[in-house]
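Next come two complexes built around chain A: one with chain B, the other with chain C.
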Partner chain A sequence: MKVHIKNILIWLSLCCFCSAALAEPFVQGGPIGSQTDDGFNALGPVVEQPIEFPHKTHAGNGPGQMNINCMYCHTYARRSNVSGIPRLDKCIGCHKMIESVRDKPRIKKLFEYWEKKKPIPWKKVHDLPDFVRFNHERHIQRFYFREHRPVREVCGYCHGDVGSMNTARRVKALSMGWCVSCHQKEHLENASTTKTSNGPNDCWQCHK
Partner chain B sequence: MSSNKIDRRDFLRVLGISGAAATLAGCGNTSIESGAELVESYVQPEDFVVPGVGVYYASTCTQCGSGCGIMGRVREGRILKLEGNPKSAISGGKICGLGQAGVQMHYNPDRLTKPMLREGDGLKVVSWDKAMGVLNARLGSKSTLSGQQIAFLTGEISGHQKVLLANFLESFGSTNHVVYDALSPVVGHGANKAVYGVEQPVLQIDKARLILSFGNDFLGTGPSPVRMAAQYARFRKAPRGTLIQIEPRMTLTGANADRWYAIRPGTEGVLALGLAHSLLQHPEFAHSIPQELAAALKPYDKETVAEITGINADAIPHMASLLWEKSPSLVISGPSAEGHVHGFSNATAIHLLNLILDNRGKTLQGQANHPFPQLSPAFGSYTALAQLNQAMSAGKCEALLIMGCNPAFTAPTFVPFANNMGKVPFKVAFTTQLDETSRQCDLVLPILSPLEDFGTHVAGYQPAGVELMIQQPLMEKLYPETRGIGDILIDLLKQRKPDAYKAFPDYYAYLKTAVVKAKPVFKVKESDDDFWEDALRNGVLRLDLPPAPIDARVAAIKVSAPQATEMGMQYPFYFVPSVKADLRDGRHANLPWLQESPDPMTSVAWDSWVEIHPTTATQMQIREGDILEVQSATGSVRAKAYLFPGIQPDTVSMPVGQGHTGYGRYADGIGANPFKILDPNFDEQTGELAMYSTRVIIKKTGENAKMIKDEGPTTLQQGRKLVVTMAADQAELAKEITRVTQ
Partner chain C sequence: MSLSNLIKNWSSLRVKRPYEGQYKDKDYKWAMVIDLDACTGCNACTTACYAENNLPVVGKEAFSKGQAMHWIRIERYWGEGDALPKFPERGAQFLPMLCQQCESAPCEVVCPVGATHHTPDGLNSQVYNRCIGSRYCSANCPYKVRYFNWWQYPERAWPNPLEQQLNPDVTVRSKGVMEKCTFCVQRLVEAKNRARTEGRKVEDGEVTTACAQACPTSAITFGNLADSKSQVAKMWERQQIDLAKDKQEKSDENMRGYRIFEDLRTYPSIVYMERIRDLQA
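Coming up: the complex of A and B.
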């Protein structure tokens, strides 16, 4: 069989990118209190939430875990600059059908909020300074819809492997140097090409 | 002179950021903090709601009387920005700076949030129950007030608010709806009515090849500036139209003109007659007006006119030849020509030119006759206020209700409105923010901002067909204890006339019923609910009607030269109060965006100033920033001198709108209020206050202060040291580098 050298090169480059990219989301920034090169905490503090929401049960892919796509609940991530906390009726939409866990304390608490029609006061875990405009839509459209990378990996670039956590905890620096380090990498333009490009390098992309 | 300190954080706070705990609590936050803020989600949002993505709703701008259709961008339940509504011919999808600042009026930190009742010398916060109790006791079912005993004082008002208000007064057997506007268009309307048979003809600016404007600032403060600016842009496209502006003090429109002539204030009519005389020399126009009128124009030869008006004699035949050459033309009069003792005759003399040039039906058309005249605006006038003031002074007024105007600030000194308010036993103000007038009232009710309330508006200037503008809330009310004026009136009317109003649970129900009733006029085949939904979605109900014809009543035109007054000896300067397109009569001085936006002519911000011609200033040895006392027979004000070549040398000018003493943190203590030095001169024909006929004397105080302005070399930093800079060759670079590395 005749193998074109060009094809080999494509395979090689694809493998390189995949291995680099796949490793990323599951690597934490470092131990708590440690700092990245540009001086930001690599691992955020544990944030207590009003309901200890088990991301693991919903998004994890282990035995007994639901393996739900992140964007089923964080539905705005592909449409807006913010991913949004899921609307309360979304939680209720499923859970009113799941009798087996209805008496669990966390679910009881959920229904208490629902009956009072009160939003759950979640604490913000992934915070950015006010002068930074991060856009979820751009990243999701690029990596999930155009490159068809796995959703847990795409979200995980910035949020870590939330599917293995209960309540979310910041595990990446979310600092400018950290953002730029990814923007400087070569990324495939879509799933069916070897053409690569960087993330934008202009100040105004984030500082408007 | 401005002592107002404002930093960036205060400025942001005006946008309402301080009120909302969760949304932007980390204002100025520069670090990443997990768990420091809340991110509350919706419980059950509408399907189209996406956090971070704006939704646009149509409404109507109420910042001035033009009635522009607007679209409000709403995100996460908050109104963020206003744009023009392309479905409205008035705005044509555009919006002006004044309209943009409507958001700040809504989020103003000085908004009144709770009802207040007079207790001794001060106003105390009370509950709505108590406030409505007081109101019902005085004006409810048991009230015996009638006729002149009750008065409702408002600014310009139209639509169903006006109807509801009239119905409320009618329940007392009263028609005493007093409409007051410090910048009243009544003289102009009167002259238009006399000559053309209509109060406000439609100006087809884009169809004219030459516009001759006597002090009409149609781009800045005219009847519909957004519409006219768009028309003006078309007028300037090839073949490029020519604009000639004649006025004592250069306005924004004057600054755009091809030729600008500084005229002695009040002599505009003489120049118009001189131009008419000059035009009649041409055989084409010789028989355009009756012979006796033509004969009466004989004395107005160019030398005489030049002597009176101060305009170069050769310019007059030049203007006349341009008028002849560039047809169709459009001649318009404006406030600075109309605000004189003979303002009415000035305006009719100016209109004579349109008749000679035969512009009727070409560039001047009548507004379409529309089927809901009861919704048309009531225009404010000085005479209405003067009459009310007299009734109050005589103790005939028992209850005074005030909304949308501030006579304590804008009324001239010789109308002691504020003092006479003391003679009225019960005074109620409906307002979004305390101002000089409402601070003297017995009961102050916080009403919804225009971005929170329903309403309808019919603009006084309908450029094409007729539009019934719909105003709808762009967000939930910011403060739970505010109520719409409509709801308050409906409550009172339920007391007064239970049978007629019991069908309406609230103002919304009333408005919907009233608008839906107009459905047959619009000839649409849809259900009532669909009609209403469409009206809300489009923000405008349009009727395409043909323009009405206008008359040519030559007999109304008076040929008379203004009489010289004795005042000239004692008070050598003419005084021109200039109107800023953003602050208007001062009602918008509480909006920091408008305070911060530099005046288009002088670039001054956050201040008042006295414009004086550089030649005059040199003669009087006045420099920029010298604090001058401008004294008239009525009073005096102080402001910094600003040397301005765009002014007639015998004239000084001050902007109106500043000098507030009780209108919130952004308005108070800034500048001076020239309304208070106006002389008691009145238009002979209409009795309106002649705003531009005051004479003053200028006195130097010997003090000097730095002007806050944007013009000049950037190194001056507008007097505020925004960014301190230094020329590179002056810097000791070696030192700088050491400092940086350390």
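Coming up: the complex of A and C.
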């Protein structure tokens, strides 16, 4: 009888350990089949923007694409919590010089807003709950400025490859389990060492 | 925390806290000194805390039932009144009581869902999303500084347009969760972030809590105990108080510094300085 109980205990503990190790980190949060490229059922909805802004043309690096750094427009990402949506005069600053595309419908719409002196009512695509404290600056400072990784890769960790989209769509889960799955990884501190470090594992770093 | 993380950090998770030199090589250990001789009991710290941390004003009825949400409260004692038969009202003593951020916190061990933790910089954290409102932590807290949301306060505490004055860096808590003093963690996180971008540590006096900032007599001093040059660390040392000891051996009996309920072995992070009074005067 004693052996029996011991056996059962071993099996139970084995089952617990295996299921804990194999369990999916987070698959809820969206309709089944709306899978993101890293395996979460959490693809964001298509958000209709007032102007169908082609990120592809601006940030893409293909032929005829401008390959502009994300932070030329989202200028606060490197120095504050939020990355910021560019003001209308940022768009106009370049576009008043680009005569060749002035007749395109999207640019016409842009200049309509400019002449009416109205901001473009962009809609939020990547929205975190109010109880979460996410800091763009920390991530950009570490991966872009300290480790010199390419900017599209660094922003893409959370935003996907926006440089190949028109209007942005949320393609990552942005859930707690998803954040933690990256914070747990052993990231090399820089290219020349083998020293690694994790992201913070402390509740109050992200929860407020 | 994943299984691999748990196994990797097993020895550090199993260690008894606090131990001698725990924060010696660490960057931060937040601590406080409250000088009761300077405290006038004016309640400015409480007011500042209400403004900074989105605390709801609960109203007279709830207050009388002990449901007030003040993370820092002024306790009033009449201990010296008997010695002053002519002027008993001069015998009032004040003691600001807030979460002591114990190193060995009684609240942390009893939470059934792990909503309260110890952070690496020595704070006792409370995660509202995880809290299920069992109130066990409050029952186990010897200082009674944990406050429970018995009602859905936001709508009545901040009717439109008063919600505009809420601090966006602090969650507005809903009904059924426990809350407590955070040492203004939103300010600490911001200061640490700024320091990190500039490649340094947070300097002494760069960041302070709302209560310390509002105190008109500077009775409250806040700082980084891990930095031996900070004002708080110097005060702790001058008062010969060791974070990891439950009984302080002092060279001079007249030394004023003490920690509350040290004998319960909670190892608080707040040192109080005893009041001095000349009762003949």
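Just so it is clear, the second predicted complex is superposed on the first by the 165 of 208 C-alpha atoms of A that agree within 3 Å, B and C clash if a C-alpha of one lies under 4 Å from a C-alpha of the other, contacts with A are read in each partner's own complex, and residues count from 1 in each chain.
By our rule, a contact is a pair of C-beta atoms (placed from the backbone, for glycine too) under 8 Å apart; a residue touches a chain by one contact, two chains touch by 3 or more.
Since the structure is predicted, the reported quantities are computational estimates derived from the model, not experimental observations.
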| query | Looking at the overlay, what does A:K117 touch: chain B (first), chain C (second), both, or neither? | reply | first
| task | Scan A:Q141 for contacts with chain B and chain C and give back first, second, both or neither. | result | second
| query | Does the superposition put A:G44 against chain B (first), chain C (second), both, or neither? | reply | first
| query | After lining up the shared chain so the two structures overlap, which partner does A:D130 touch, if you call chain B first and chain C second: first, second, both or neither? | reply | both
| remark: Larger residue footprint on chain A, choosing between chain B and chain C, goes to B
| query | Where on chain A do the contacts from chain B and from chain C line up? | reply | 79, 130-131
| List of chain C residues in touch with chain A within their complex | 1-5, 117, 119-120, 123, 125, 127-130, 169-172, 182, 185-186, 189, 193, 196-197
| Along chain A, where are the residues that touch chain B in the complex? | 40-41, 44-45, 47-48, 76, 79-82, 84-89, 113-114, 117-131, 169-170, 174-175
| message | Using the touch definition from the top, list the residues of chain A that touch chain C in their complex. | response | 17, 20-21, 79, 130-131, 133, 135, 137-138, 141, 180, 184, 201-205, 207-208
| message | Give the list of chain B residues in touch with chain A in this complex. | response | 24, 26-45, 50-53
